[in-house]
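Both complexes shown next keep chain A, but they swap its partner, so chain B is in the first and chain C is in the second.
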Partner chain A sequence: MRYYRFGNPEGRFIGNTEKYAAYENVISEHRHEIGAESYQNLPGEFTFAYGPATGGLIESVAFDLHTPGELIKHVGVDPYVKTRPLKIRGLAPQDALLMVERINGFHAASNALAFEMAVEDALDIDVPDRVWYSRLIMLELERIRSNLEVVKRVCEPAGFGVPQNQISYLRENVARIISRLAGHRYFFSASSIGGCQISKSGIETMISSVKREFGEIFNALLESKIFLNRLQNNGNINEGDLLGPAARAAGRNVDARLEEMHMPYADLGFKPFIFDEPDAFGRFYVRSQEILASTDMISEALEHSGNSSATDTAGASGEGAARVESPQGDLFYYVRITDGRIEDIQMSSPSLLNIEAFRKSMAGNIFTDYHFNWESFGIWISELAVVIQ
Partner chain B sequence: MLPYLGPALFSIAALLGLFHRKASYLMLAASSIVFAATQFVYGDYLSYYSIIAGIVWVFAGIYSLSYGERYGKWLASLMSLTVLGMSIILVSNNYLALIAGWEIMSVPSYAIVALNKSQKGPAFTFMTFSEFSTVLIIAGAIFSFVVSGNSTFGFIHLATFVPLLLISFGALIKMGMSPFMISEWLPIAHGNAPANASAVFSATMTLMGVFLITRMIFLTAASPALVYIGILFLIIGSISILFASIYAYISENMKMLGGFSTIENQAAILAAFGLYLVTGSAILQEFVLVTIIIFALSHAVSKTGLFLSIGSTKGEYFGEARAPEDRWMRVGTLLSTMSLSGLFPAIGGLAVWMLLESFFMQAYLGGYIGIVSIIVGSIIAISEGMATGAMMKILSFSALFRARKGPASKVETVTVFSVGAAILILFIISVLFVPAIFRGGIPSVLVFNGFTIESRFSTADFGLLSPDYVIALITALSLAAFAVFRRPKTRTADVWNSGRSVSSEYTSFAYANNIRLMLRRVLRTRMGNDNQPVSVIDVFWFAMNSFGRGYRRMCMIATRKFMNSSIAWYMIYMIIAFMIVIILAVAFY
Partner chain C sequence: MSSLWFLNGVRKGIKTERYPSTDPAAAPQWPSRLSGSNGGNCPVDAITPEGWIKEKCIFCRRCVPDYQPTGDQDIFTVKKTEDTFLKSFHLFPLDSGACGSCNMEFLSIFAPQYDANRLGIFMVNTPRHADAIIIMGVMTQGMKEALDRAYEAMPEPKLVIALGACAVTGGIIGNAPLDREKYHVEIAGCPPSPYTILSAINAARGGSNMRRDSGSGNREAD
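What follows is the complex of A and B.
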């Protein structure tokens, strides 16, 4: 492992895998305790069960809202209502990649790249610079689409049909850009162990158009007092471990891209957008700014990007780990490969800590705040509910 | 001697209670019928209060035959004594008898509250306010005595408004509205008495206040000052009705909810008194007077039904309630709560309609009084909406949807249902309660003459309502629906909670929590302590307590800092106090 080592907890906590706890540069064999609070209803309070299959939720997740009516005193979140077993162990890395990129189709590039980087780390595979630029473009395109989806979903409970549909249209445009770039709307099979295959013709013009159009919608949303009232002071959270946009909205200079060794974020002058409002508005604002910043990075990275074919991993052995900044925060992968087969794979999704942050941020809110806050975290349950076998 | 037959029988009932509970309650019920019958004089509005009180006492007496078994003999005697006091108030023809009745009513009530629970607070609270009320009534009586040339304590006609003002404020204490807009003593006291006594307190003790104000208004000659008193009544009434309905809505103690609902109803009646005093229209005054009587009737009967049904849930808080497993009991509770919600086809619906009509009629006359009327009318309408929410809360969480059911006593069921039936019957025959000038009909659309109650200044109608046609329409349409659809096929299934085992019932606290949160500035809503999810403050009660504590602290400081072992300061204090009393006495004399 070139970037990670096993040891005592040190630095920023990233999340727990099935067996380990992942930190900035350390993997601990002792999982980090995330307090599972139980809550006893007080007289007059009751438990409102929301989910796992209900309107307003796009994935299966069960919430227990403990409430004396309107006011939410405590939230219990169970993301493991519907688990998906994925048989990855024993597969060759290139076969395992097909499964990994399907853990969360919406963040397929992030998952695939983190896995590929872990495998490359394990097997000491060198990746050409042009490929790192291509991978950066993939990650940032995925970030744009994911953040557009979050902003769209934040507009939805406000009844803002016009911006919601305008952003849906933009998201579709980005999906088409991805399709044109990667040959698949969800980047499936676009990257590989040690390589990447993209087509960049016409992308720059299209991405500029997305930036311009989103900029107009974003500015219009900022002028809507009604919209802002629903977001501001909703879901304040600036305690505990925060990742991704939630951390940056809370003023924390936290971003895996800052610590990235291969992808040329530093060369492109990347600086994370840090904000000082740790609420749903802050998270909406940071995500929107990141959409605009990502379009700039993509435009700049396009000229340096290029392709390379996959590296053969047959018969190789090693242990590696990697972390990328997925649209919702740090996504970590660890692999141990023996004779060209995946012997162990561990994964930590930012959903874990974001759910915890969401849970804490809901105490004191009222029912009507719930959706805005939940959507502002951009949590994907699929990454948590996967059981890697 | 006939008017005193009732009080004499109540005295016997009180004595009987010392030996036999049931006999005492039975005697109370029977004496109430005699009392009502001997007091009734057609066209005499004051005599109507005796009928109203009599109806309540009959139901309370019968209900107590079963409910009273849970309490000692003391309750039977004390309840009859309280009723005796009220009957003396109603038959009194001079201030001395009135004051005697007032005290005979208050002292046993204090004992009932004190003996019911080991807590001293509610009983002392009750007694403090009762005595404060008595002091004001005595002051009013003395003033009347003085203006009569020190000749009589009889109810003489008064050229001055002072006795009206003093006695009204004394009555308002009993109605739960003074010295502040809402005095939580009433819900505290009524909420800490046995349910049958709560019914008597809430329905008839407050009625005595209404009776007293009516009596004083009849005695006081018209003067410009009455307009200002009327405006004062309108202000107090509208603020009280709004806050009482809010506090009723958020109350978790069913009997205290009933207590706040009582203040809300009394405030509506006070507002009607205010309108009576400010309006320049004699016909509107007549209409308002009828409104007051019907409102008082509706409140007394419906509140009796409410408290009796609460008593049958065997609990005080919603969480403790066991809904009696009897459909007739539920029907009775439904009708009582409908009436207190101001909904048709209950007598309360008519009362609220007439009250709102009165205000909007006055608004029609214009002027600044018209503007005041439209504002007060709107506040009453809002408050009635809130009251509907409060009543639906009590109906839902104590009678209809409680998961835990409890047994129902036959006597209690019959009484509660009978009260409900009385509410319905009173609505049906309500046309008879209004003078002929407010009766009418529209024969051209088959609404025959004598079947509508019409709010009007002259021949032209302002608004109209036909209770009988309302009932007839509801009945006909219900029967038609039944004939077409027959009995609905229903099935009960366990709640599907997305396949999860979480099963938690919606609570009464949650039902009202939206108001706690929305009106957080008014209710001073705070996240509660360990035992209470969210807490609110009754700002009026809080202000009064703060005032009391502040006064006591000031006295303690004065006592310890200045007068402690200092005869000189004590003498100065006595001299100043004596001079103030002399100056006030001379000024008022």
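What follows is the complex of A and C.
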């Protein structure tokens, strides 16, 4: 492993895998304890069950809201109701990739690239510079779409139908850009071990249009005091382990792109957007700024990007790990490959820590705050509710 | 831009396409109907000596160049229609174990480009208000009871729609939530595009996809 080593916990905690705890540069064989908190209703309080299947949620997840009626005293979240077993061990890396892409289809590029980078680390595969630029474009396009979806869903409970639909329109346009670039609206089968296949014709103009249109909507939203009032001081959280936009909204300078060794973020002058409002407004603001910043990075990266075919991994052995900044935060993969087959694979999703942060941030808020706060974290259950076999 | 949202909306003009009355404005190649012969190397056995099986296909492109995408979005099968729902059709989505991409493509049919509401197609938050259940993803133990209870809670008449390769055949991930004979509509794709979903849902309630058949109803997309 070139970037990770096994050892004692050190640096920022990223998350737990099935067997390990992942930190910035260290993998610990002892999983990090994340306290499971139970709650007994006080006299006059009851438990309001929400989910797992309801049209108000994108994915199946079960909530227990403990309340005397309006104030939420405690939230229990069960993200494991739709846990999927995925048979990945024993597969060749290129076959495993088909499964990895579907761990979280909405963040398929992040999952695929983190896995590919872990395999390339394990097998000492060199990737051409132009491909790293292409991969950066994929990640940033995925971030734009994901952040647009979060901003759209934050507008929804406010009853802001016009910006909600205008952002929905932009999100669909980005899906079409992705389809044009990667051949698939969710990046499925667009990248490979050691390679990448994209088509960049006409992308720059389309991305500029997304930036201009979103910038107008964002500025108008910032003038809407009623909307801002629903977000500010809703879901305050600046304690414990935070990742991604939630951490950056709370003033923490954490971003896997800062530590990226291959993708040319440093060459493009990347600096994370840091804010000092650790609430739903801060998360909305950081994600919106990241949409604008990502469009600029893509425009710059396009001229340097290019393709390369997949590398044959037959018969190869090794151990590797990698981490990327998915739209939700640090996403970590570890692989051990023997004779060209995946012997072990471990994955840590940012959903784990983001759900814990959401749970803590919800206590003391009221029911009408709930949807704003939940959506502001941009959590994806599918990424957490998997058991890799 | 003014924060007077009504004016903002009007100034943007109409963004909705006329699909399914006309051809799709931006049909993706993957997924779409594949055309070809021979081939192999299919990880889900969707390529057989008899041809391509759309419900199994995950559109991973490994069969290229033996098979090529045609851009045709009508990759669904409607086994039963309910004309009762022709004017208003209420859908309850249920994620039995999806990766998230089918969920997002289903939501996309309500984006301005597609605007399913203009066709009288709506999403509801409870199965008690639903005319059809949209099942997405593979079967998972934890969602079995929720699926059974949602189905039982729906009033008659009702339709069961399987959306995506996982829900129809299990795809590459696992097993389908229900036996295929229980599905009234099967929508292929991994995930299916919003065009395919909209066309299939419209056909399920006896709607006319005019570009194809001048009003007789698109009962079988095969």
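Throughout what follows, the second predicted complex is superposed on the first by the 389 of 389 C-alpha atoms of A that agree within 3 Å, B and C clash if a C-alpha of one lies under 4 Å from a C-alpha of the other, contacts with A are read in each partner's own complex, and residues count from 1 in each chain.
Basically, a residue touches a chain if its C-beta (ideal position, glycine included) is under 8 Å from a C-beta of that chain, and two chains touch if they have at least 3 such contacts.
Just so we're clear, the structure is a prediction, and the values are computed from it rather than from any experiment.
Look at chain A after the overlay: chain B and chain C fit there side by side.
Counting the residues of chain A that each partner touches, chain B and chain C differ, and the larger count belongs to C. In the superposed pair of complexes, A:96 makes contact with neither chain B nor chain C. Within the superposed three-chain model, A:41 lies in touch with chain B and out of touch with chain C [touch as defined at top].
Applying the stated contact rule after C-alpha superposition, one finds that A:53 touches each of chain B and chain C. Contacts of A:364 after superposition on the shared chain: chain B is touched, whereas chain C is not. Legend: residue contacts after superposition of the two complexes on their common chain; A:71 is shown touching chain B, with no touch to chain C.
When the two complexes are laid on top of each other via chain A, the two nearest Cα atoms from chain B and chain C are 5 angstrom apart. Chain A residues 52-54 lie at the interface with chain B in one structure and with chain C in the other.
Remark: chain C residues 1-3, 5-6, 8-9, 12, 15, 26, 28-30, 43, 58-62, 92-105, 107-108, 110-114, 123-126, 137-138, 140-143, 146-147, 150, 171-174, 190-191, 193-194 touch chain A in the complex.
Chain A meets chain B in the complex at residues 41-49, 51-54, 62, 64, 67-71, 73, 364, 366. Those residues of chain B whose C-beta lies close enough to touch chain A in the complex are 252, 319, 497-500, 502, 504-514, 517, 527-528, 530-534.
Residues 52-56, 58-60, 80-86, 95, 98-99, 102-108, 149, 160-163, 165-166, 168-169, 171-172, 175-176, 179, 183-186, 188-189, 216-217, 219-221, 223-224, 380-382, 385 of chain A touch chain C in their complex.
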